[in-house]
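Here come two complexes built around subunit A, the first alongside subunit B, the second alongside subunit C.
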Partner chain A sequence: MRLLGAEVIPVTSGTATLKDAVSECMCEWTRRISDTHYCLGSVMGPHPFPTIVRDFQAVISRESRAQILKAEGRLPDAVLACVGGGSNAIGSFYHYIPDQDVKLIGCEAAGRGIDTFETAATINTGRLGIFHGMKSYFCQDEHGQIAPVYSISAGLDYPGIGPEHANLYDSGRASYVAITDDEAVNAFEYLSRVEGIIPAIESAHAIAHVMKLAPTMSKDQIIVATISGRGDKDCAAIARYRGEDIHE
Partner chain B sequence: MSNPNGRFGIHGGQYIPEILMNAVNELEAAYNRYKDDPEFNAELQDLLDNYAGRPSRLYFAEKMTKDLGGAKIYLKREDLNHTGSHKINNVLGQALLAKKMGKTRLIAETGAGQHGVATATAAALMGMECVIFMGKEDTIRQALNV
Partner chain C sequence: MNKLESVFTNNKVLIPFITCGDPNRDVTKAAVRAMVEGGADIIELGIPFSDPTAESPVVQASYDRALKVGTYADEIFELVSDLRKEITVPFVLVTYANPVFSYGTEDFIRKAASCGIDGIIIPDVPYEEKSEFAEICKEVGISLISVLAPTSTNRISMIAKDAEGFLYISADAGEGESSTVVSDVRAQGVTLPCVTSASISTAIQAKTAATYSDGVVLPSGVVELLEKYGTEAPSHIAEYIKEIKAALQA
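This part shows the complex of A and B:
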């Protein structure tokens, strides 16, 4: 980022992760609105951000729907994507929402497990709340304060989920499964070895669910899973997770 | 689909300090003006195709399909986009919109660093100033992106 000419400001408040970076960004925007645009990165925050970001990410499902129709002559049985705030997932789902026979499955980060406090699985463990300008589901403590969340994946390490996902969950149109660090790391290594594709550790959460789901389906059924990003950035952290002492 | 107040069922809305209301109203007005504008969309499509490398491939993962022994698996390869993730799709749209609004500076949060890198890239391309906020913890575990 510095190479590209950007100034990077490390945020030390709270848990010093993504939610604190969002909070700090909102503060900065209030200090200097006239010449500054807050380029929010996920389908969250106050209206109109969830709608704007979704529309720009919907290119994913606009393309994939046409591509699968061309390749297979029919729509997939399931579409999978990882979910933190939920921008790649809503982009992957959007143009399939009216197709009721296409299952939409978001893969959340369970961290060390949804029965532990070290998790970021918002739908599976969170409650209704208001934070970062929106009403949605959030991981909260017993007092309703935003809980410190944890995932091996920095991109999914967020205590909330975009409001459109919360609504897709309420209506039953989409379902949300929780994937642990261990399952994601296994999937990260599996896809690298089997297909020669190193996925981002975020995307590996979706692959982990593909590995569970595909064997339960028949050979004439189809899954489309989104690889939201590449995994070069994660190689050192995964090696450390496996107990190897390497540094970038 | 959100209703005009930005609600998705009971979710969404605008729970923000007064001082930001003008800013989000200005953004909403600009977005409504440009989202169906043919010139804006042609400009964005050109950036997506020629700068970001879209459309991204839908790849049939044949070995994985055989190995798992069930459904056919296709992978939508957003990892092949410029800057290495889906984040660029949104950033090019917002940066172009910000430019039309006369903004000269982009700020953004980032977790894994992918959104930060994408925003810094778009700022460089469009000649805008850029400041990225990143949790200190994340600057350590995703050092490559800083």
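This part shows the complex of A and C:
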């Protein structure tokens, strides 16, 4: 970001994660609203931000749908993507939403497990709330205080999910599964080894579920999974997770 | 005219803010008594929240301290009930949508009313979404306070005409911007009192703000004294409020 000329200010308040960065942005915005505009990078926040970001991200499913029809002459059986706030997932799902036979599966970060406090799996552990300008599902305590969430993946480390995902979940059109750090790291290593593709640790959450789902399907069925980022950035962290003493 | 509006009759109103439970609830009680003694006209009681997106770093830190000692809605309702036995000054709760929604909006607002709350500010609920909170507030006689920002411009008419108690000019508007918002409100024919905070913490700032508004909010002055003096803060708070009130009356 600095290379491209941006001023970058680290956030140290609260739990110093994505949630706190969003909160600090909103604070700064309300402090100088006259000359500042706020842009969200995910499908979150007050209307119309979730729909603006979705419309841009929808290029993913517009292209994947056209490509799979061209390559296979039919639609996939399932479309998978990782979900933090949910931007690449809503983009991956959007043009398949009317195709009722295509299963849509979002893969949340379970962190150390959905039965622990060290998780960011919003649909699997959260409940309805109003935060950061949207009504959706949030990880929170019984007093409505937003929970400090955890995942090995910084990009999924957010206590909420975009409201359109909440709606897809409520209507049953999409389902949301929880993938642990361990499962994601295994998938990261597996795809790197067998395909030579190093997926971002975020995307590895989707690959982990592909690895669970594929054995339950027949060989001629089709799964589309979105790899939303490259994993070069994660190699050192994964090595440390495996006990290596490597720092970038 | 409700209890909040009547405070503004022939009076430049002083509204200090305090975080409930910082450093503990006994000190909050003593600090509220000190504010009343110093001449506060309305008191804003902040309900601590994990992610207070409309508060300054000073208030954010005080929310963290109050949460560490477990200050949640029920503790605050109990605190307010105790204070109401001796204090008649109007209380306005400052909170965020989620603590209210999570508690159960109707239940929260009814309990707030029954323990003696007069108004409530929920800065992350915009005009378009307020009916979810406003209907029950109206039923129990709590004023849901509306906030205006310098960028509200063509929304001022809609927001102001529907407002109750007083209009709150957003905390971070500068002095020039705040006075423009007040003029715009008056130009709409809205007579509801307008209060401004414009980051006011000194007597001189308060006096200046009172030349174009009906009252001033002290967004962090009391919290700063609590941070500095802890359990010894109440006597300093009384002196501080007295000084600002005197400047407003001069």
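What we mean here is this: the second predicted complex is superposed on the first by the 244 of 248 C-alpha atoms of A that agree within 3 Å, B and C clash if a C-alpha of one lies under 4 Å from a C-alpha of the other, contacts with A are read in each partner's own complex, and residues count from 1 in each chain.
As a convention for this text, contacts are C-beta pairs under 8 Å (C-beta built on N, C-alpha and C of every residue); 3 or more make two chains touch, one makes a residue touch a chain.
Note that this is a predicted model, so its numbers are computed, not measured.
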{"item": "Which of subunit B and subunit C A:Met26 touches, first, second, both or neither", "value": "both"}
{"item": "Which superposed partner A:His143 touches (first subunit B, second subunit C, both, neither)", "value": "second"}
{"item": "Touched partner set for A:Leu69, first subunit B, second subunit C, both or neither", "value": "neither"}
{"item": "In the superposition, subunit B vs subunit C on subunit A residues touched", "value": "B"}
{"item": "Partner chain in contact with A:Leu191 - subunit B first, subunit C second, else both or neither", "value": "first"}
{"item": "First (subunit B), second (subunit C), both or neither touched by A:Ile52", "value": "first"}
{"item": "Contacts of A:Pro199 with subunit B and subunit C, given as first, second, both or neither", "value": "first"}
{"item": "First, second, both or neither for A:Gly129, with subunit B first and subunit C second", "value": "second"}
{"item": "Partner chain(s) touched by A:Ala239 [first = subunit B, second = subunit C, both, neither]", "value": "neither"}
{"item": "Set intersection of subunit A contacts, subunit C complex versus subunit B complex", "value": "20, 26, 30, 32-33, 46, 128, 130, 133"}
{"item": "Contact set on subunit A toward subunit C in their complex", "value": "13-14, 19-20, 23, 26-27, 30-34, 46, 128-133, 138, 140, 142-146"}
{"item": "For the subunit C and subunit A complex, residues of the former touching the latter", "value": "49-55, 57, 60, 67, 72-73, 96-103, 124-126, 149-151, 170-173, 177"}
{"item": "Sites on subunit B touched by subunit A in the complex", "value": "2, 5-17, 19-20, 22-24, 27-28, 31, 35, 48, 54-56, 58, 60-61, 63-65, 67-80, 84-87, 89-95, 97-98, 101, 103-124, 130-139, 141-146"}
{"item": "Subunit B-facing residues of subunit A, complex", "value": "1-2, 4-12, 15-18, 20-22, 24-26, 28-30, 32-33, 35-42, 46-53, 55-57, 59-60, 63-64, 67-68, 71-72, 76-78, 84, 87-88, 91-92, 128, 130, 133-136, 153-158, 163-164, 166-167, 170-171, 191, 194-195, 197, 199-203, 210-211, 213-233, 236-237, 248"}
